[in-house]
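Naming follows writing order (A, B, C and D), and every chain is counted from residue 1.
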Amino acid sequence: MSAVAWNRYGKAAIRLVKIERREEAHDVVDLTLDVQLEGDFEDVYAGDNRRCIATDTMKNTVYALARQAPIDRVEAFALRLADHFGREPAVSAVLVRAIEQPWARIEASGRPDPHAFVQGGGERWTTLVSRRPDGTVVTSGVTNLVVMKTADSGFSGFPRDRYTTLAETDDRLLVTSVTAEWTHRRGAADFSGRGRIRAALLETFARHLSRSVQHTLAAMGEAALAASDTVEAITLTMPNRHHLLVDLAPFGLDNPNEVFVATDAPYGLIEATIRR
Amino acid sequence: MSAVAWNRYGKAAIRLVKIERREEAHDVVDLTLDVQLEGDFEDVYAGDNRRCIATDTMKNTVYALARQAPIDRVEAFALRLADHFGREPAVSAVLVRAIEQPWARIEASGRPDPHAFVQGGGERWTTLVSRRPDGTVVTSGVTNLVVMKTADSGFSGFPRDRYTTLAETDDRLLVTSVTAEWTHRRGAADFSGRGRIRAALLETFARHLSRSVQHTLAAMGEAALAASDTVEAITLTMPNRHHLLVDLAPFGLDNPNEVFVATDAPYGLIEATIRR
Amino acid sequence: MSAVAWNRYGKAAIRLVKIERREEAHDVVDLTLDVQLEGDFEDVYAGDNRRCIATDTMKNTVYALARQAPIDRVEAFALRLADHFGREPAVSAVLVRAIEQPWARIEASGRPDPHAFVQGGGERWTTLVSRRPDGTVVTSGVTNLVVMKTADSGFSGFPRDRYTTLAETDDRLLVTSVTAEWTHRRGAADFSGRGRIRAALLETFARHLSRSVQHTLAAMGEAALAASDTVEAITLTMPNRHHLLVDLAPFGLDNPNEVFVATDAPYGLIEATIRR
Amino acid sequence: MSAVAWNRYGKAAIRLVKIERREEAHDVVDLTLDVQLEGDFEDVYAGDNRRCIATDTMKNTVYALARQAPIDRVEAFALRLADHFGREPAVSAVLVRAIEQPWARIEASGRPDPHAFVQGGGERWTTLVSRRPDGTVVTSGVTNLVVMKTADSGFSGFPRDRYTTLAETDDRLLVTSVTAEWTHRRGAADFSGRGRIRAALLETFARHLSRSVQHTLAAMGEAALAASDTVEAITLTMPNRHHLLVDLAPFGLDNPNEVFVATDAPYGLIEATIRR
């Protein structure tokens, strides 16, 4: 005999765009949301749907709740959704994940237009609310923040074995796509820190004398924690998007760290959690 | 003060194609591998690289080990890699993940050609070896196995609240992209079950009288466990790729479950682990 | 002053899945369609919509026409759509493009199931109907047909200049994703040749003694024309997905054409039209 | 008998990152290049490689030429490449296509850092040089410039037939991903207009009282031509990324143009060339 040992279900990729129509200007909130439930759903796996909240209902609920109050901080909206679904008797845990696409105002005749926007780029802002019997954890983040430094980055002093061919370098390109997720202290209600944390991450990346991706990651995490009182820990994921110096010697040319080939694969992948 | 509370690093997306050149025919093994290490690497985050095995070395090691023995089962190759890196003193855990792209022989004049291949499709086969101090766990799987059933699938009897609009149905299209991962019993050395498990998943999907995705998922998981002695548990992830019946009434036409619009988002997402 | 010198508009990515419900078994037709119109639409660009057939109407028309007759060959369905829109007075040209996702029946207990299907893979079948005042051209094709040959492929004898470093080889992996588009003779009504042409392409790829991608492309095109009476010309696009031999010498190992790294970029791109 | 009626080949997706290391600051040029040749290459299709410039040589040439002079404007670099390959006797036409990834300087302590950069986003800048016997055409552009306007956009007055269900509206969201390509007058040597054209496109999009995508496209094209003396024509491609108003009536809620679902497919696709 077999049994359902773990289960989770929900609706993913709910696309919500809300326009907050203030008198003097419009604001755009552009979200992709996932709602996932855990709980006492074994009957559903046996073919009895009486406890199975339809995922279509989850989607409808997202749109209906979006109408009923302004979305000021996405974290607060995700908490409202988690509370809504957490009231269902069968539900033990609710996960609400949101990915925000930021939009910037278009400049027209030197002034920001009140009703026209341009996508800020590949960067996304993330929120995860995890509501469980032992409490609710709110995580905020940024992802796909792609950065490059062309000075003050090296990698040397690493061990060499029979399969090591990498040369040591004190001047390489460092290119990475930063994903950062920071956990707010339990009960925190102020989610305004994203701008400060983002600025601390960028400034530290720019200024750091980097001996490795790990080295810079730790400095960035430390700066992020210093930039916010209510954040307990931050997890950084930094793929090393290798840019290889092209060997131009066969063509009678030198290459003083000028001409690189950007590669997609393979890539180094560095992850760590920095905690206060 | 802050500290590194958790860390992991490695090389991802190592692309390896190995041709096993037997006398009478060639075989292709086409893998994308990740190698990830956990361990005593805090010094690296402080800028000291003496323990930092370069991810470039990890990549080289994959290619060198691929040369030194035939890759018969990917699980066995991943175990060899995990053992290699697990011998490093600083390392506490090794994760080796492999995604296999299957290739089929081209039929030429009614016979399989010995040296020519066509990609079997979007389906991929997965392997994960997790080597930790308390033992090594081997997981195998398939992913992106996209299936559709046009009969014997309904969804009704679910609860209705103020945000429920979904109609009940006893005849809908069920389309999903199956991801399955099954865990082998500790110490198992026989990894030949993929074909049997895959067949059990497909056959059960085809034959099941489905009352929900959950209902069919459980049946598929049970059949997979029945098809293999050495598998302890299987986790299935089945997104519900909704196909919506098009309303043709405005055009004076009926639509007896014939014309559908396939949608990408949002989608239901059903996940569960079935255990013996 | 400026003017509209050329214009085209329409609806793209219309997702249509039709189930043909025969007594003994179901058939699936899974299409992504584009409908594009050219014609006398300058007024629309000046803000007058009286001639602007809404792209939403195009989408509705696709679904309504799909209901009104079986979709036997996609080419015939695309011709019906092109004729429908070509009757609009403002329209001078109609383009209907269709990408078909093939599905195969699931084998259950050794027999093909009548109502359950598995996606055949990444391969897609294409159709393009171009209806213009001087006549209608029908093009059929396959795309993303990914093939590899591990023998009988070389590349040598090419010119060498100061920027040439590539070594000559008489034994390399040849991997490509074939896109083929063949044009039917005007007025042809038999579109049943896809299977024969596809088989000719695959068999020729497998059997050819290849001196270059171009060399094999020409042989494949010739075989495709020989396999069908009604095809006038075929255009083949064959990216060269380079698989590079890994240099294992630094590790004291040889590499007798066994261990390769598959690369995505850059890639050679070879395109040609073969005509009777 | 069959023959090669048309052919083209080359290297695609050449990834080049060049760092211009000025004393006071670094500049980044990040390009993905395609080089394609047409000419007298029939022999190659017959298996004779004596005229087949290896695509690997094309790639090497790109890197070698990148080293030998600063890349100030990408158009000028592409012209240098086209001239290099155009000197080969067998070559009749050269196409060089470049996609530029813009990078912005990171602000650190309120000043732009001289050596650290952040990716500006999904927007890319394009260049196409087409060198043919009858002359050389240079096209510049932007692509993936994603914009939204939340006011001053309607669509009404379009014709209604039996398949029309779309409601008229004088207030909808207009969201599009602008691709613009403008052709420079023959012999033009000043390629500095991208910023002015981009600003004209954005400002016109923001300010226009839009009766349709076509209407706004024409106004944007006109403004772009007005912003540059040396541009002869501009082609704009503007997919209509539909944002659908969510029907909240079943939940007892109104929806005064606030809550939308963003959809990917299907989408309207509007293309036109505006010429002086």
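A few comments on the model shown:
Quick note on the criterion: a residue touches a chain if its C-beta (ideal position, glycine included) is under 8 Å from a C-beta of that chain, and two chains touch if they have at least 3 such contacts.
Only a predicted model underlies this, so the values are computations on that prediction, with no experimental measurement involved.
On a Cα centroid basis, the chain most remote from chain B in this structure is D.
More C-beta pairs touch across one of B-D and A-B than the other; that pair is A-B.
Taking the mean of the C-alpha atoms as each chain's centre, chain A and chain D sit 28 Å apart. Chain centres here are Cα means. That of chain B falls 37 Å from that of chain D. The distance from the centre of chain A to the centre of chain B, with each centre set as the mean of the Cα atoms, comes to 24 Å. For chain B, the set of residues that touch two or more other chains comprises 15, 60, 64, 163, 165, 250-251, 264-265.
Put simply, chain B touches chain D in their complex at residues 162-163, 165, 250-252, 264-265. Contact residues on chain D toward chain A in their complex (touch as defined above): 15-21, 26, 28, 30, 60, 63-64, 66-68, 103, 106-109, 113-123, 145-152, 173, 199, 202-203, 205-207, 243, 246, 248, 250-251, 253, 255-263.
On chain C, the positions that touch chain D within their shared complex are 1-15, 32, 34, 36, 41, 44-57, 59-61, 64, 155-159, 161, 163-166, 211-215, 217-218, 221-222, 225, 233, 235, 239-240, 264-276.
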